[in-house]
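Dropping the structures in below, format is structure tokens.
Below are two complexes that have subunit A in common, paired first with subunit B and then with subunit C.
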Partner chain A sequence: MKQFIYGLLLFVFLTLPPVATLLESIMIIHMHLQMPLLIFSGFLMARFFKVRFPAFFYKWNRNGIPGILLFSIILVYWMIPRTMDEALTVYASEIFKFISLPFLAGIPLRDSWRKLGSVSKNIVFLIFIILFILMGWLFIGVDDQICNNYLRVDQITLGWGYVTLAACMIIYIVQLIFGDQSEFE
Partner chain B sequence: MKELSALSLQQKTIKALGVNTKDAKISLSYLSVAFATLLIGGILGLVQGLQRAGLLELPPWLNYYQVLTAHGILLLLVFSTTFTIGYQYANLSHSLGGLLPKVRKLAWSGFSLMIIGVILVVTMIVLNEASVLYTFYPPLAAHPIFYVGLVFVVLGILACCFGVFINYRHWRKTHPGQTTPLLAFFAMGVFVLWFFASIGVTIEVLTLIPWSMGIVETTNVMVDRTLFWWFGHTLVNIWYLVATSAWYVIVPKIIGGRHFNEKLIRLVVILLVILNIPGGFHHQIIDPAISESIKFLHVFMSLSIAVPSLMTAFAMFAVFERAGRKKGGKGLLGWITKLPWGDVRFLAPMIAMISFIPGGAGGIVNTSNQMNQVIHNTMWVVGHFHVTVGMSVVMTFFGICYWLIPYLTKRKLTPQMNRLGVIQTIIWTVGMILMAGSQHLVGLLGDPRRTSFTTYGDHPRALSWIPYEYVMGIGASLLLLGVIIQVYAVINMMFFAPKGETTFPVAEPEDNALPAPMWTERWGLWSVLLLMVVAMAYVVPIVDMIVNAPPGSPPIKTW
Partner chain C sequence: MIKNNQNTLAIIVVILFGSILFYVETDGFRAYTAESARTYELLQDKPKFPSVTLEDSQERTYTFKEFGNDKYVFLTFMYTSCKTVCPQLEMNMAQVYDLIPRKYMGEDIVFLSISFDPARDNPKILAKYRTYFGSDGETWRMARITDQAELDTLLKELGVIVIPDGNGNFTHNTAFYLIGKKGHLQEMMDFTKIKETASKVVSILENEAGD
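On to the complex of A and B.
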């Protein structure tokens, strides 16, 4: 229950107009800080929903695959530059962002991650590493302004953000593969 | 239970065999360089302090900025680094049951590389070819050999980092299911941080070498400054982490207490490692080319270090209170009188800890955007790092000497040497309070830092600074006296103190303490989190500095 309250507080904090405006004023902070924090708030709140509706999660997300698919779809959706642009200009889209990321990505991620086997986890990592590298390449390389609301330099910054995140994920995977994880249990 | 018995068996073996002489030689070599450097750096400090107060005119072959560069590099870089390596390798050798032969080789390689590097760097400063101050970032350009010397120093540090990583891995493999001893855990934290800190300065120096040689015409000053502070601020926290290792593990044993909850101690180390590097940005608060919103976000990143620092403050005072009460301390503050104030091994680190209260508060001023505008280029900053480094860190280092050196040389700390140590601690404390205190105050009145003595054409404001500068000079004189006593004590304990047994004071956990959790040993994960925090902090400003770069600066020699 404590986790739910922390998650809810984080969610409420992120929805405060000055906070949202500040975080959305810089492209990379919008995508790589506000959005992950929204997912994290859902991740924390998930505990309450899992305790309250165990049958629902058992019925719809028994092996974790549907949950991780939903998480991936929501994440990929918000990685499309146009959706980020719309969140700033179309009010309904902004509301959808604040609902979809915590509740349709954060909660399923929490429920699915422990249910997934190591192979599925590695596939998820691999997909997102490839996706992040591609997005990085796109944002750094493209000569046009992709988003109406952000400058080209913001785009390049976001591109490098993707590349560094992908690099961190690769290092994480490498140390998982070459290190003996059983020694930490 | 099994873990405890294995640990005590190891302790017994170490006790029976005493210090490993091969490992002791490594530590003693590093410590000898450290204290030789302290003496030279201390003399330069006094020369500088007296010149700054207008009390001493330097001969024509020596200028203020040369002295300032040498003082900074010798004390902030060479003294702190060599002391840290000597002390941390002794900790590692003691807690892991000796160093591996290949780790010893790496430590000696590191020693040789650093000596070569320091000789090159100091030669260039003495020849007046590198009066670029200890921060050595552009547009001031030194002779290329100065930067080559710095590369050698960094390579030496990296050799020592790999030595620690190899020894740690080896121990983990041979001790499955056991958490590493606390001192070895601290050593890992220190050297992981050092490894990642070195990346920034390595990139910077490698870009400066072709620039100073004239192969490349210009350099991006903002990127170089940012990379310097990536390293520079992290180095500050490396010293701090080294000092906390003694506060948490050594000091409780000296006062006859137990160490605090091991899980909290390990969490503090992990947080300091993960959150540290972006703190460098608060050194650049008045730099142009970093937007206000980024500076604002960085205030949070810098201040996050206050969390583990406050955890440390709470934990340490809890340990003192418990130990004092166990010895019969009554009432609200009676336990304070039961602490061993006459023991230099406690007194020096205790004053160091107390000084971290004003030091940390001053740090919060420096980190805050608006307050930094007031003090940024003033003597306040000089006062701040003399309190934090010169007191919190260096006094802890001094306190460590009084048990570490006799332990390594198989000698004893005599009551006379202890008394001398107490006197040295008092002289040092008074000297630092006078010097750093007046630096803080005169900084608030606008006295600039990094400036040779001048009255600005007898401007009344500049003349009003002079009394404070005299106090600085008095403080600096006391500090040199402190340095001389300390170096004498170190030489005495290395070569002349009576032979005998000195124990390595490692505190035990409380009787009912829970074992430390294994997840704290996930250094791979902590390193990835560190990199993610670095990515969050640096991608935005560095891309901006490169994409919107001005033409760049040619090398500039102002002297």
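On to the complex of A and C.
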């Protein structure tokens, strides 16, 4: 229950208009801090929903695939440059961001991750590594201003943010493959 | 078995939801950035060029309709004090101008650069500015719109967002515009793609000639 409270507090904190405005004023903070924190708040809140509605998760997300698909769809959706612009200019889009990331990405991620086999997990990692590298390459390399609300410098910073994320994930995967896991099991 | 069915059903529902979500958000997989969404919307609407009075670098005044009478008008928006994107825009426009066969020039198509800074860009300044880019002042004219209300309507109709930054400069989005013979917005093109723009314009002119 404690986790749920922490998650809820984090969620409420992030929705406070001054906090939201501040986090959204810088592109990379918007994308790589606010959005992940929203997902994390859902991740924490998931405990409550899993305890409350165990049958629902058991029936509809039995092997974890539906959940991880939903998580991926929401994540990719918010990686479209247009959605980030519209979150700033269209009110409905901003509300959808605050609902979709915790409840349609954070909760399914938590429920699904434990149910997924190692092959599925690796596929998810691989897809997101490729995606992050592509996004990084796009944001660093493209000459145009992709988002009307942010400058090109912000865009390049975000690009490097993506590349860094991808690099971290690759390091994680490499140590999984070559490291000795027996100590942890 | 039933439980597995529910799991499969959930997968289908999620994929369906995702597809609809992406379809709606990107105008049917067409516009992935806010700028392209704006372009797409404009080309769908094909707004009519509003009635404006131009004053060109030779202090002649005429309406846009008189200038573009039964001709295509290749259009850009700029201001002469701009140090960043406008010189590049006009330079690219000059290259497009050079790529259009001479026989069409002035007959079927005319070029026009409109300044959205009428306070500073008087005919004298425009006359000097045009020489930097090889504009001849006839088939490619540079002009200002002195009536602020007319200018604002035009910018709004064509979706040009101009934000004064308070230091005498403007932040603005940039594109090549092609206005059709009837005065409707026909094409909006990426101002960095010179060759593609020129070949598109030429093919439009050729089609017209072939009819």
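Everything below uses one rule, namely that the second predicted complex is superposed on the first by the 185 of 185 C-alpha atoms of A that agree within 3 Å, B and C clash if a C-alpha of one lies under 4 Å from a C-alpha of the other, contacts with A are read in each partner's own complex, and residues count from 1 in each chain.
Quick note on the criterion: a contact is a pair of C-beta atoms (placed from the backbone, for glycine too) under 8 Å apart; a residue touches a chain by one contact, two chains touch by 3 or more.
A quick note: this is a predicted structure, and the numbers were derived from the prediction, not measured.
After superposition onto subunit A, the modelled positions of subunit B and subunit C are compatible, with room for both. In the superposed model, A:28 makes contact with subunit B only, not with subunit C.
After overlaying the two complexes on the shared chain, residue contacts for A:156 are found with subunit B alone; subunit C is out of touch. By the touch criterion defined above, A:101 reaches neither subunit B nor subunit C.
After superposition on chain A, the vertex angle at the CA centre of subunit A, spanning the CA centres of subunit B and subunit C, is 110 degrees to the nearest 10. Of the two partner chains placed by the overlay, neither subunit B nor subunit C lies in contact with A:124. Of the two partner chains placed around the shared chain by superposition, neither subunit B nor subunit C is touched by A:14. After superposing the two complexes on their shared chain, the closest approach between C-alpha atoms of subunit B and subunit C is 15 Å. Those residues of subunit C lying in contact with subunit A across their complex are 3-4, 6-7, 9-11, 13-15, 17-18, 21-22, 25-26, 31-37, 161, 173, 192. The touching residues of subunit A, when paired with subunit B in their complex, are 22, 25-26, 28-29, 32-33, 153, 156-157, 160-161, 164-165, 167-168, 171-172, 175-176, 179, 183-185. Contact residues of subunit A toward subunit C in the complex are 58-63, 65-66, 69-70, 73, 77, 80-83, 85-86, 89, 143-149. Only residues 172, 176-177, 293-294, 297, 518-519, 521-522, 524-525, 527-528, 531-532, 535-536, 539-540, 543-544, 547-548 of subunit B touch subunit A when the two sit together in their complex.
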